[in-house]
Every structure is written in C-alpha cells, then in structure tokens.
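Heads up, the next two complexes both have chain A, just with different partners, chain B and then chain C.
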Partner chain A sequence: MRDVAAKLTLAALALLLVVVRPALAQAPVRLTVALITSRSLEPYNLAAAGITAALSDAGYAPVVDTFNLDGDATSAGGIVSRLRQERHDVILTLGSLATTEVARGIDDIPLVFCMVLDPPSSGLTAEGEASGRNITGVSMDIPIDAQLDAIEAVLPTAKRVGILHSAESTAQVAKAEAAANARGLSIVATQISSEREVSRAMTSLLTGSDVLLALPDAAVYTESSTRYVLLSTLRQAMPFVGLMDSFVSAGAFMGVGLDFVDLGRQAGAIAARIAQGEAPGAIPVEGPAATRLLFNQRTARRIGVNIPPEALAAGEVLVP
Partner chain B sequence: MSPSPHSRLGLRPLFIATVTLVVLTTSVLLGWALIRDRSQRLKGELANKGLSVAKTLASHAQYGVLVADSMELERLITGLSHDPDLAFASITDAEGAVLAQGPTGRPTPWQGLEARPVTVAGIELEGAQEIEGDGGSWLVVKAPVHAASQTRSKEELGLVDPTIGRGPKELVGTVTLVLSEARVAQAISDAGQVVAVVTAAVVALGLILTISLSTIMVSPILELAAASRRIAQGDMAVSLKEGPARELAELTRAFNQMSKALTDRDLALQENAQALAAQAKALSERGAELEERNLELHLSQEQLKGTNAELLHASRLKSAFLASMSHELRTPLNSIIGYTECMLDGLDGPITEDQQESLERVQRNGRHLLGLIGDILDLSKIEAGKMELSLDNLNVGDIAAECLGMVRPLSRGKELDMGVQIARGLPLVHGDASRLRQVVINLLSNAVKFSDKGSVLLKVEAAQDGVELSVRDTGRGIPAEKLGDIFIEFQQLEGPNSPGTGLGLAITRRLVELMKGTIDVKSEVGKGSTFTVWLPRAKPRG
Partner chain C sequence: MADHARWLIAAALLGLAPPAHADEMPGLGPSAPIAEDADALESLLLGEIPRVITAAAFREQLPEEAPAAVVVITAEDIRAVGARNLGEALERCAGIGLTGRDHMTIRGIGPTNLIGGVGDAGRILLLIDGVRINDTFTDSFTVGLQRGIYDVARIEIVKGPGSALYGTSAFAGVINVVTIKGADRDGAEGRARVGVDGTEAAFRTGGVKGSAEGSAYGRLHLAPGFEQNAAVAEVRGAAGRKGLSLGAGHTLLLGGLGPQASEASPSPARQEGYLSIQGERALTPRFHAMARASSTAGTRQVSPSGMRVSELRLSAEGRTRLRILPLMWATLGAEARTEGARLQENPDLDPQSLGRAIAATYGQLEVGPISYVTVTAGVRAERIAPSLNGAAADAFNQISPRVGVVATLPTGTAVKAFYGNAFQAPSLALLYHSTTVGEITLNANDKLTPEKLRSVEAEVSHRFEAGVTMRVNVFQNDIDDLITTTYTAVQNELVFDNFYEARVRGVEGEISYAPSRRLTAFANAMWLDAYNRVSYQDLPLIPEVTANVGVRAQPISRATTWVSARYQSARSGVEGDPLSPYLTLDPQLRVDARLAVDLAPRWQAALSVRNLFGDQAADFRETELVLTDGTEVWLELTFKPPGPGGGEGL
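Presenting the complex of A and B:
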C-alpha cells in the first residue's frame, strides 16, 4: 500500500511538474539518463521512481534508458559497450552488482550509484568522501546511530547489544562499538566463520546480551540461519533488531528501515548537480538522509515487550 | 378361502412396523452417511493439520538439518509435544539417518504395520499415509526439508525476505510425523452416540405419532365394527361420535345416517306389527262378539219363534173373540136401531121434536157403532184368515162408476167437484166385487171426508199387467212423516174425536192385498192426496 501510495504521489508530482514548468517559462532541459539495475526488485523500482522525480524537480526532462543485469554479471559486458556508444549525460546504477560492473568499464561518463551497501566493500568510495573520478552516489548503509537510537528509545533497559557477525563485517562492528560506547552501551560481538556456527554462537549471545542487533552479513544471515535466529530469539524472548522491512516482516521484533524513493531522490539530486556542471569526483558519497522505525507487534507481544507509545507513534507497525 | 380376520395384521401394528422400518432405515442410513462424512472430514483435517505442522517443522528444521544439530531439532520436536494428536515425530537427513525423534518415551505400536494412502473425498492426500492396527489407527505425514543452494548478497538481505533462499532447492532432510487418530475416533464415536440418540428419539417420536395416528384412525373403525355388530344384533339406536379425520368423519356420518334409517325402519316395522297385532286382537274380539251375537241371535230367533207362535195364537184368539163379540153386539144393536126407527116413524105414537132429535142421535150413533163393529169384524176376519173372497173376473170401471154414485151424496154441502175418468178397453181383474166396491167407497168417502172444497177425481186406467185405480183429492194432505202410519189399525191423523174409526185404510189395504194388489199414497200437506190401487189382470180362462 505504501508503495502504491508512493507511486501515486510520484505520478501526481510528475503531472504537477509538467503543468507547472511551462508556467515558469523555462523549458525543461533534455537529459539522457542510463539506469542500470542489478536485478528485478521492488525497492529498485521505488528508487528509480525517486531518481526520475528528482531530476524532473531539478528542471530536467530525463530520457531514461533502462538496463537490467538480472543478477548476472556476465551480461554486464554488452550493457557497458552500449553505454560507451550511447554516451548518456549521466549513468545511474542501482545495487552494488550493477555499480561495480559499470564502474569497471566506464571511466569517462558520470556515474551515480544508489542502493549500494557498504560502498568500500565494492571498491567504491566511502561515505562522506569524494572519489576524484567519474563516480559518486548514495549508500544504503543504515546509520548505526539510528539503530542505537531506536534501541534506546524502545528498550531503555537494554545495555548489552549482541551482534553476530562474520569477518566481512568487522568494520561495522568496530563502528558500532564506538557509537555504543559513546552512549554507555556495550556491544557483545560474536564472530563466526559460517552459518553452521550460528547455533553455538546464539547460545552464548542469547544469555550474554539484552538485545540482538542484525548487521548486513550474508555469511551469517542465510536462509536457514535467519530462520533459526528468528526462531531462537522468539523462543528465548530476546528482542531482535533486524534489517529493514524484510526482517521485521519475517518476525524480527523491530528494525530501522529506509525510504527507497527518498534514496532514489538523493541519487537523482546528485545527477542533477552533475548535469548542471559539477564534477562527480568532487561530490562526496552520501548516506541515507532519513530512516524509518519499524515494528512487529505480534513478536513484541510474543516476547513480552511493551513498545513505548511515543516510539510507536514515531514508527510504523508492519505487523500489527 | 380367505384368512380369518384375526390371522391378519391389524392396522396399528402395520402402521407401527412400517413407520419404524422407514424411520429406522432412514436414520441408520443418514447416520451412517453422516458418520462416514464426518470421519472423512476429520481425517482430512487431521492429515492437513499434520502436513501443515510437518511443513512448518521442516521449514524451521532447515538450519538444524543443515548443521546436523540434533539438540536444536529435538528442541523443535519437543515444541510440538503439546499437540494432543502427535504421537511421534522424526527428522532425518537426506540419507535417511535419524537426526532427532520424539517425543521420547512414548510407545510406537504402529511400527512394522503396513501403511496405505489416505484419500479424502476420493482424492489421495500427497505426503500422508494411514496405518491401522489393534491399538488404533494413525496418520503418517511427511514433509521434505529443502535448502537453497545459493546464498544472497548482504545487500539483498534487507531487500527481500531473509528466510527465503535463492537458487534451486536442495533436499536436505525429511520430517515425519505420526498422528494418532484417537481423537478422530473419539469424535466419530461421539457423533455415533449422537446419531444413536437422535435415531432413538426420532423412532420414539415416530412411534408416538404413529400410535396416536393409528389410534385416531383405528379407534373409529373398531367403533364402527362394534356398532355394526350391535346393529346386527338388533340394537339400532347406535350413534357414533364423528371421527377426527375428514374421511373418518364422513364414514361415521354415513354410518350414523344408515343407523338412523335402520332405526326409523325398525320403528315403522314395530308400529306396523303393533297395528297388525291390534287388528288381529280386534278381529278375534269381533269374532268372539260375533259368536256371542250369533248365539244371541239364535236364542232370540228361538225366542221370537216362540213369541211369534204365541202372538199368532193370541191374535187368532183375539179375532175369534172379536168375531163372536161383534156378532153378539150387532144383534142387540140392530134391535136398538130398529126400534128407534119405529119410534121415529111414529109407529108407537107421536113424539115431540126433542124426542125426535134424541132418537135421531141414538139412531146415528147406533149406526156408527154398527159400522165400527162391522169394520172390526172384517178386520178380525182378515187377521184370523177367515175372510172368504168370492173371486170372479171384474170390470173395475163399472164398479168404480157405481161407487162414485153411491158416495156422491156425501159431498152434499161441500164445494167439491166429483169427477171420474175411466179408460176404455180396460182388462178384467180377478177379485171379489163386493170387497172391491168396499175399497173404492172407502177411498172415495175418505177423500170427500177430508176435502171441504176443490175436487175429488176417480181415475181408472190400464197399467202394467193390470188396472190402476186412483183417487185424488184437494184436501188438507198428509204430512210425510205420517204417510207410513195411515195403513195401520187405529191410527188416525186427526186424533180421537175425528170422524171415522181409524180402521178404514187398514181394512182397505188388507183387502187389496187379499186380491193380490197393491196400494200406495202420495200426499202433500195443503194440496191434497192421491191413493193409487193396482190390481192384477185376470188370467185368461182355459
């Protein structure tokens, strides 16, 4: 419903622009855009809509060529050669797969990435830094402070934040520890090498922490281990702060999510700046401008947590 | 030969048997269908629940199977132990090795028994089998444990459902659940009890209704039969209350009408019989009476005979006495009249006028007395059978004319026309001339005597087989009631002081009858009388 509402809003805005721009007596500037998506996912569609909307807002008439990798890196070669030929004003990529593939082949056309988690792990510039090349963009990293804010707001008594991670997210763990310490919270981090160690690690985490915080770690959160984690936290009445909407819908007690349309808008705004003449290499990579607080009331009842009314009012209840 | 009424079934047992059979059959069939349907449905529900639980368990067991974590898997199984239908659960890996099973310590009587597919409404349930044994029956449901072969990127973790893997699924193990059908059996047994109770209730209700209905229908019929029997035995006064059903009411009404008609007919017959009896009684009484009367008549006849003989004798004695008395009276009377006449003629010397008057009175009364004695003598002669007629062939016309001449002087001093009509060629009659003369004179003198003015007509004419002589006067007439008396002796119309002796007409009738003739009279008061005498004609001589 939210997606539909967002689409309707966008459509309404686009219509408004078409009507309003001639009144401004300033003809929209034609802008050719290439949009490359890693795979077909609804969040990518939302972000794409945000991008177009932002470009239109900025006074452009974007002409969008859309490409889809469908999760297959081997198809990237053809797309890249076409991009080289067509030479769009700006290239936008959605997801790390599309971003890394296009970035590897194109270095002379401005590239703005979106929906990329942990850009440095994909060989991209970190948040807040400018690349000095043809690449900039918006990351999908949920700010650790937003997550700790949520934990403090909803679970004021929770002091020990358990984190299950693998080697690939050590940097995030370090960041989290720093942020937690600043607030007087402690991070109980358990590193594992594969999903097979999840049950053992969970045994200690379930007793040694007050809340379990999920990090985007593909080695830890596989299909089966995620089920196991959800099941065991539910069984032990352990509040599990999951990743975005998907974890909360699957059964996590709460989560911090993003507005993908907004993320797209952020990327679109950057593309507009580039179209206006700014050098992509000079524009620092941005993080998400806003977050959403998400709740699963069913799980909250199951594990016996009363969500404070003000937190509930500020957030969204995905599962009532 | 038809069977006797008692060897046949009555309506009531027939009704009851039929209704019971129908209700029982219907109830049993319905109950069987109901229980069968319920059993199928409950089994289907149990199998579906088992499959759903098995799938959920398989989904949750994915991690445990992948990492061969028996403790985790046993924990999952224990989590299911609250399910009352679950008898046994096991989780095996892809090779079939048991990773976990439980709940522990429960008997497993189904082991070694053959399992067969479960069908619900004709459709075979995939993944479910049924085992039946002495200890009960069980459902075995299986669910595969699949795992995705590919892992997702960390980026996609937040974008899609983290519990659904990507890439082709790989069979990593199997979840097997054994569900006891005890609760299903109990539910079916309960349903069976309900069906039995309902069946019993329906049968009871059916019986009550049938008995009531059959009573309603049969009682009037039995009453009719009893009433018919009573009527057959002669008790007609039978009236039945109308039956409750329309047809029975109709029947009862018809019966009552018939009964009433029979009663009426019976009454009529009784009345007839009574009337007949009364008539018979009356007849027998009348017979007795008649017999009595007959006897009486017989007696009185005898008596009358005696009396008659006595009377005849007495009458003869009287006539004889009168004849001799008349004769003895006439002799001195003739002397008195003769000597009186001599004195009147002056033979014994002159007499005074007074003496003459007295003597004339003596002579007149003497002559009257002499006439009376003559009449009495005639009458007694006739009654005594001593009147002798000198019969001859007579010409009535001549005698009548002669008599009229003799009577004419009597009419002197009266304004009377004395007429005579005598037909010519009259036949002769056979009679006594002097006696006939006496008859005519008598009739003529009576006519003159009782007529003061007008006329006296003597008529003689031929009549059938004889001659008719009639005297008509215009006198005072005779009342009709007295006409029968005038021919009887000493019956005078005028009373005792009237002229005549009261014997004239009686003697006239006797004389006419002696001559084989008849006399009758017609008269009208104030207008006159007509006396008619018929005399038979004389038989030709030879």
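Presenting the complex of A and C:
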C-alpha cells in the first residue's frame, strides 16, 4: 500500500514537472511601460496594439500605463511628474507633441517614440542616426522614393512633379529633387510662407506640372488649405499624390500610406531591445519598414486617369 | 534678489511661467522647437479632412466659395449634439425655424410661415443623395424631419432661391442629406437609446470589397402610448462599383399626424421610399457626365374623412460639366419627371388620379475673371403640365435666373452677393383636391399659378487666425402670387387663390470659436421682418427671431459635454386665418445638455437632457408640436467602428 502511494506521488511529481517546466522556461518577463499619446486618434490605438504585440512576441509581459495629452501641451507637466515617480522600464510616445513634451522632462528613462513626422523638426534625431541620449524611435516619414516609384508606375507620362512647400521642408524638397533627377523626372517646386498663399501658388503649379506631390509640411497643409488643394486638383483634372489615407479618402487621386500596427511593432521591437540591455542612445532612429499604395478610383474616373492593372493589384483601393 | 522672486511669483500668477518640468533635466534641451505645427499636421493626416458642399452648384466646393449662403452639418456635429432626427440636426442653424414635427422654415418661409400662404406646400426641397424626396401630392415632407440620421455623412443646407438649378419646390432653400457610403467608413456601428420618448435601436455597416462598396442602415424607434410616431422603422442602403451607384430607402411611421391631418384625424400610418441608380464618369479630363434615374413612392391618409393617397414619382436626369478654360466651367442639364397621386376618398367612390409631367433644362456658367473672384450665372426653364384623371390642364412655364459673384480673398475673407428668382408650382392638392377641415370646406382651384420669389442677398464671412470665424448675411425676398385661401360667397367655404404679395427681409449672423479641439463654441441669430399685402390693406406681422448658442468642451480626455440653448420667436400662420392649425407660437426657449463618456475605445455612453421653459411647454402641448412637453431625458449607448472615422470624400 505504501509502495503504491509512493509510486503515485512520484508519478504526480513527474507529471507536474512535465507540465510546469516548459511553462517556467517560457514565463514572460514583466515589463512596465508608459504609453503617452498626443491625442485620441484611431491610428494611435492601432500603433499601441502593435507595440504590445511586439513586446509579447519578444517574450515580455508588458504592463502598460496609458496617458493622453489630448492635444494639450500644458497637460504634460503632470504626466512627466508621474513618469519620474513611477519610473517605468521604458516610455513609448505616439506623436510629436507627446514625444517632445515628455522628452523635455525625462532624460534618464529610455524613451521610444513612434508616429512622429520629420523628427528633426521637433528637435529629435534624424532617421538613421543615433541620439546618444535616452531617445530613439520610429518616424512616420513616407520615403520620397516610394512616392516617386508610385508616380512612375501609375503615371508613366508624368515628367514634371509639382511640389508646394514652405521653408520648413526645403530639405525634403532637395531630397526629392535628387531622387527625381535619378529617375529622369523634374521637380517643379513653389515655395510659400503660409497657407494663405496656397491659392496663388496653385495657379502656377497647376499649369506647370503633370502631377502634384504632397510633402508633409505643416505650413502648407492645414485643414482649409488641404481642402483647397484637393478641390483645385480635381477641377483641373490634375493627379494629386497625397499623404496617408486621409488625403486619399478625401479626394486625392492616390497616396502612399503606412500600416500603423506595423509602425507600432517596429517601436515595440526597439523597446524590447532596450529591455534586453541595449542603450537607446546607440539605436538609430528608424523609418517605416513598409508602405501602402492607396487609390481613389472615384477621383481617377473624375480626372480621366486609368490606373494600370498591375499598380491597382499592388495597392489598396480606398474609394472604389 | 527679492525683486527677482517677486517677478517670478507675478509671472507664475499670470500664467507666464514655463512648465514646471521645462527647466529640469531636459532631454531635448531648452531650445527644442515646440511640436505644435507637427502635431497639427499629424492630426490632419491621421484624422479626417473636412468635407465640402455639392448642392449649391452641382459640383464640389468649399462652403465659403459656394454661390449661395450654405451651411454644412457634418456627422461629427450631429453626433456631438446628440441629434435624434433630421429636425434636431437642422434646428441649430442660423435662419432655420421649426414650427412642428414636419414643418420648418428657412428665413421665415416654409409650409406654415409668417408670410401667410397655405400650409401644405413645403416651399423647401428635400433631397437624399440628390434624389428629390418631397411628396407628390402636397409637395411637402411626408416623413421629413422625423427621418433618422445615424447614417448621414453630412447635411447641406442651401438657403435662398434654388430654382435656377432645381426648379419648383426650391423656393426658400434646399436640404441635401448625404449618406455615409461603404468607402467612407468601414465596419459596423450601432446605437441603442432609451428615454421618455421610447426606445430606439439603429445600426450601420459598410465596407469595400475589390472595386465595389456597399452600406446598409436600419433604425427602429418604438414609443408605445404616444399618439404621434408610435413606431418608426427605417432602412437605407447603397452600393457602388466603378462609377455606378444604387441607392434605396424606406421609412414607415405608425400613428403619426401627417402634414394634412389634424389631431382629430391622426394618420394611422405613412410611409415613403425611394430608389435610384446613378452613373457618372469623366469622359475626358475636362468633360464630366452624370445620369440618374430615380423613383419615389409613398402612401398616407390625408383628410379627416379617411381619404388615402398613394404617390409615385419617376424621374430621369442627365447632367454634364465642362471645363472650357482653366477658370471657366459650364454645367448643362436636363430633367424629366412624371409625378402622380391617386386619391381614394372612401371605398364607395372612384379614385381620382392627379398628375403632372415636368420637363426642364438648365445651364450654369462659372467664370473666374480675376484671381479669387468667381462670377456665376445660371437659368432653368421648366414646364409643368398638370392633369386630372388623364385630362390635361393649363401648363406652367417658368424661367428662373440667378446671378452672383463670390470673392474668396487670401486674407480669409469671403464676400458673396446674389440675385435670383424662384417659384413654387401649386401642388396637386391645391389644384384639384377639395377637403373639409372641421366645419370649413377648402375648394381646390385649377386656375392657380405658381408663387414667385425674387431674392437679393449679400454675405461677408471671415476666418480669423485665433480660431474665430464669423459670417453675416442680409437678405430680402419679394414674393408674388402667394397661394392662400380667400372667402367665397358661400358660408364656410374657402377657395385657394394666388392672393398675397409678401416681403421678407432680415439679417442673420453666426460666429464660432474653436481655440482647441477640446473647446468649441458657437452663436448664431436671425432677425427678420415680414409683411404681406392684400388688395385692401397691408398686414404687418410680428418679426421673427431665432438664436442659438452652444459650447462643446472636453474637460477630461474621456468625457465630452455639450450645452446649448435655442430661442425662437416665430409666428406660424396668419392671424385671423381660421385654417391655420399651428397659429401663433409664443416665444420658445429650450436648453439642451449632454454628457458623453468613452467607456472603452469603441464604446460610448451619453446622457441627454432637454428642457422647455415656462409657458412655452404648455403652448407646445396644446398644439401637439412636440413629442413630449417639459423635460426630456434619454440615454444612449454607442458602438463606434474601428478606423480613423473616414468621411464622405469628394
């Protein structure tokens, strides 16, 4: 009887070992994360989902505290104070406002930013470079090559690419000119100082260009000026290559967009590297790893442009 | 040192001190630029670009450049204020007066209005996605303001005469309801609502698959125990592929009072539906063409005797738009409609068949002679041929011109000035249908001619840097041949006649302030004076005033508050007119408050409270113009779709 009990006990222990040991070996590591967003926007939610997914994939159990600035920089002070007290393992920020406001007050906790347009314009390190500080991240800059590739593929006869820009985006224009020259395209750049000059500048651009390309420039593209540009290009049957889904949904002929979950995954992977011991200051800022080609077929019909089937197959139709 | 400390204290009290954390261990350094510009652009790219208006000139335009006084109400506006139906969405606009469930006025003109005139001609054109919805019998709204708006992308309101593009019915203005298409918003969403006015469930879904898009919407509102609209069921749907689109909808109201019914004779049911198919294509980059065929149908009870009417409209329309020069566009269109109403007085009598055939052609030229200025000139010629039981009657021929100039200056100022004509053809009900209200018999008159309106208006708007926008509009409308009732020699018998002349003139203004996305405020007001003139005397009438104020704030990230007040002092009828069931409303003051809380990323709960103050509530109760009197409370639970919200697009 005693032997039987002993055998049963041994069997139970063996079974327990078989079941529990792998689980112990794979137990995720707890990681405290502070996630600060600039405002409530669905793309930020998608990026946040990508961040947690990437951390989980890397073997971490992220414990996420979420903060939202709601577009109000003055609310950052309280959040920064809490971050200093609670000292999370890593801070992730979504958007330029959240990133700059948190970065101003925190220099001793690793900070990974995501969904930031043109990081140097907000005082952050440029893409491909390491900050040497506590900050690194993933930009939201759409590669100019992807935009010009799209123009070449969809509008093979378009040779003059119009760009409306301000002094803020002179560097981007120079980059675009270099990339265009390599393709046999020419850039027709018109510089303005504020959105109020958009209507005047559009008059010359619409006659001197075959296609209009949007660059992310806050001085040019505001709510009202964007509506004006969209309508002007539609009326003059000028193909307009916009930015992101919002431009294409609102009437741009096509655009290059990003996958926000993937952007979040990139940032999450960087956070995992930091958690594994890498110094954030040594990790170069990344750009988006992939882009999406977006079409508005309603606009294509209106301006009389036929999208090549192979380009259509490679892209996404936001408006059929 | 002491001075320095005092200065710091003073600066802190004045809010000039830098953020507490700014000088402590800066990760970016004190010279780091502020990211507000980048944040604004990111919000634009990741959010939704505001929409435009199409109803003012049959092409996409910014509101400030449209050749008319226009207002665009977006889906975001509708949901922020918790509007339950079309009427509640419209009522906060400057110049809109609501005098009942199915009665509204634009700048004092409507079915029952202070200029007199009989109450069953709408004088306002209602469109859904461009399809004419006014009923064929009275040319008014069968469902009208009770229509659900959960699937609405935007409502375009064009104030002033619209006959140069739309012909009859566009007398005081045009309302175009644009629904959310499948490509605009992907996924399913829904809302459940419970309140003192019953329970309601609404859903919408839509999406894109390959080159096709589709959307569907449904709504059911149950208010057992209420005399009006005890049940409302509504469905709408749309599908599109490669420039071809199909749209359909149907609304059923049980236990409601129709425009022609009275308290003594509630309509047991009324329903209306529409079906349209439309194709549009750019044949060349400069030449765009659109063709549409549509039908509307409805049934309802229209008189105390139990007379029922069945209505049908078949319509075909073609339109082309040509860009002649870089700043010159021409629009040419033609439309043919046949409209009919079949009246059944009672089962023992033969039904009467009323009808009219309408043919119209129109053109509009828009020219930009200099930068920032657009001159618009348009005209529509329309022929309306009525008939009774197949026998043709005298036809009406109307020419409706309209000219205007719009200057949109780079300083943010827009200046508009217009002159235009409009007309309201007598409805089939006025031409051929005699009825009895109480002890009074109304006799139709087949000699009626259209009401005619001449309008002149000017508008200035400006967008200031500090998030402030303002608009002021002055207008004058002169109306001839207004149809009303006159006494006959026989006691208690009245006959419809082109009896009145009237003048309506006024001013409306609005101002909005949006310093941030967390705070927006607006105020608008309209004052107008009107009188009508009969052959023997002038009848001065009281002025009409409407005013609205509202503030939307987001005190914490998950909660949004909305508080608004509306004042309306309007007369909906002519003093001494025994047929006006909605005569004289005392000034009304109403206050709305709403609190919406995000429970989860896609779930939101909202509590709304509405109150009518003082004696006005009793006036409403007497006239049966509102569902409930006094205080209304309702609670909503909303499930929002994923994605950035999308939009209607161009």
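Basically, the second predicted complex is superposed on the first by the 295 of 320 C-alpha atoms of A that agree within 3 Å, B and C clash if a C-alpha of one lies under 4 Å from a C-alpha of the other, contacts with A are read in each partner's own complex, and residues count from 1 in each chain.
The definition used in the following text is that contacts are C-beta pairs under 8 Å (C-beta built on N, C-alpha and C of every residue); 3 or more make two chains touch, one makes a residue touch a chain.
Values in this document were obtained by computation on a predicted structure and should not be read as measured data.
After alignment on the shared chain A, the placement of chain B and chain C results in a clash. In the superposition on chain A, the chain among chain B and chain C reaching more residues of chain A is C.
Once chain A of one complex is fitted onto chain A of the other, the partner contacts of A:E129 are absent, as it touches neither chain B nor chain C.
Contacts of A:P320 after superposition on the shared chain: chain C is touched, whereas chain B is not. Of the two partner chains, chain B and chain C are each touched by A:D118. With both structures placed on the common chain, the touch criterion links A:G95 to chain B and to chain C.
Of the two partner chains placed by the overlay, chain B and chain C both lie in contact with A:L231. Of the two partner chains, neither chain B nor chain C is touched by A:E86.
In the overlay built on the shared chain, the residue A:T299 is in contact with chain C alone; chain B does not reach it. Of the two partner chains placed by the overlay, neither chain B nor chain C lies in contact with A:E310. On chain A, the surface touched by chain B in one complex and the surface touched by chain C in the other have residues 41, 43, 95-97, 115-118, 140, 168, 196, 199, 216-219, 221-224, 226-228, 230-231, 235, 243-247, 249-251 in common. Here chain A touches chain C in the complex through residues 38-45, 68, 70-74, 76-77, 80-81, 95-97, 99-108, 111, 115-118, 121-124, 133-135, 140, 168, 196-197, 199-200, 203, 206-207, 216-219, 221-224, 226-228, 230-231, 234-237, 243-247, 249-251, 296-299, 301-304, 317-320, going by the rule given at the top.
Chain C meets chain A in the complex at residues 19-22, 24-29, 31-52, 59-62, 183-184, 208, 210-213, 240-243, 280-286, 288, 323, 326, 329, 371-372, 408, 410-412, 463, 516-518, 554, 557, 598, 601, 642-647, 649-650. By the touch criterion stated above, chain A contacts chain B in their complex at residues 41, 43, 95-97, 115-118, 140, 142, 168-169, 195-196, 198-199, 216-219, 221-228, 230-231, 235, 242-247, 249-251, 257. Contact residues on chain B toward chain A in their complex (touch as defined above): 59-60, 62-64, 66-67, 69, 72, 75, 79, 147-148, 151-166.
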